[in-house]
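Following: one structure in structure tokens, then a few remarks.
All chains are identified by letter, namely A, B, C and D, in their written order; residue positions are counted from 1 within each chain.
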Amino acid sequence: MKTSILAWMQEGSVTIPSLLISEYRSLKLNEYDLAIILNILEYAHKGNNFPTPEELSSRMTISINECTDLLRKLIQRGYIEIIEENSPDGIRYEKYSVEPLWEKLIEQFLLKQQNEKEMSRKSEEV
Amino acid sequence: MKTSILAWMQEGSVTIPSLLISEYRSLKLNEYDLAIILNILEYAHKGNNFPTPEELSSRMTISINECTDLLRKLIQRGYIEIIEENSPDGIRYEKYSVEPLWEKLIEQFLLKQQNEKEMSRKSEEV
Amino acid sequence: MKTSILAWMQEGSVTIPSLLISEYRSLKLNEYDLAIILNILEYAHKGNNFPTPEELSSRMTISINECTDLLRKLIQRGYIEIIEENSPDGIRYEKYSVEPLWEKLIEQFLLKQQNEKEMSRKSEEV
Amino acid sequence: MKTSILAWMQEGSVTIPSLLISEYRSLKLNEYDLAIILNILEYAHKGNNFPTPEELSSRMTISINECTDLLRKLIQRGYIEIIEENSPDGIRYEKYSVEPLWEKLIEQFLLKQQNEKEMSRKSEEV
């Protein structure tokens, strides 16, 4: 029993900003985009920073080709990017970065905050 | 600046078992099911334990009717359930429970563990 | 087995800003302050927003009186505060708020960022 | 503003089992042990799997010598261990593992569950 609970625990968890779940639609993402992003985050959490379309597709209800296509569009539209890094022993490798997505999410958050402020100001004026 | 970071922080985050992200397909869920479940968890985190199809649909790319339909199917197939509770002042209210989903996820985890054990046993016999 | 894993899962987890762990000393807090704050957060997570010194002390290595004393000092020094709220049925109740602590943590973060910027500017000038 | 929120976000958070916070005392740990363990987890989260007593002490209210002493006792008493691993390019390195702590926490959880079951059985018999 102890072993099973430990193994369950070691599968771990991913902590996601609430706003990604509540605002992905406002960011012009759909449910497939959300699922692919969550899987990129989950793979990164397990140490795989550049999952292949095969790996991503194996966990999703879409084909490898559709996965490649989704990834390409997310990169073109500026949600994720491929960056190059050097390992300690000097080997270059590629990894996905979701930093552009976080920037968009923060922009959306600031916009929402400003709208709410204006709405509360207007309702006070009435 | 301080106020903005505090407001950002207060939006909070949701901690999700990694296995839900990597195994939803094995559980016969699709990307819309995943997104609706994440939104139910996110609403619960904010204190709303029984979001309406309107509330869920407003964050998703699907219509209210499609949302109602998805919820009904998730209940029929035994992933989520509606339970009744009493508030401290005796008023009955309904809420979603995702406990059945966690049970399915644990079953899937135990099955996967057993398969891996058998595979490693077989590869040792060879 | 399934029941045990489910029970383990339902104990849940608390997500804490990394900076609270790495900067509590810079915020002039000690290890007892940190532990009491973590327990206030953990009780809140379980729905108890105003744990008594008895409840807090029962989980710590200090006496109820020492706990009362620590809480009083944290309030006096502006890390936590007691706020009053109304329940839906109009009953007033008290709860701890750690918002002042988050504000201090954000101030510390902004200060650290500024220092790092100045240090990197100075090292460029040399 | 966007840059500051992004920097704040990238500081990240650490997700800790609620039971570690509520049960460290039952595990015969004190507040210094808890703080050192949280810092080991936080350093690991940032990619440093073998923080030195200097690094740990710099975040705590205790001296480097006291830190070394605490670490030694935690290892002797079987809460953390030092394990050796090989990097992809064959270099051996040491890291802390808190797996023994999780095992003790799970044992404590199972014990507590059993006690509660017995107490509810006894109260039914009365």
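In this text, a contact is a pair of C-beta atoms (placed from the backbone, for glycine too) under 8 Å apart; a residue touches a chain by one contact, two chains touch by 3 or more.
As the structure is a prediction and not an experimental result, all values here were calculated from the model.
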Under the touch definition above, the chains in contact with both subunit B and subunit C are A, D
Between subunit A and subunit C, the Cα-mean centres are separated in Å by 28
Whole-Å distance, C-alpha centre of subunit C to that of subunit D, is 17
Two or more other chains are touched by the subunit A residues 1, 4-5, 8-9, 13, 15, 17, 106, 109-110
Among line, ring, star, complete and other, the chain contact graph is complete
In the complex, subunit B touches subunit D at residues 1, 4-5, 8-9, 13, 15
In the complex, subunit D touches subunit A at residues 1-2, 5-6, 9, 13, 15, 17, 87-89, 99, 102-103, 106-107, 109-110
In the complex, the residues of subunit C that touch subunit D are 4, 7-8, 11-19, 21-25, 30-32, 34-35, 38-39, 41-42, 45-46, 59-61, 106, 109-110, 113
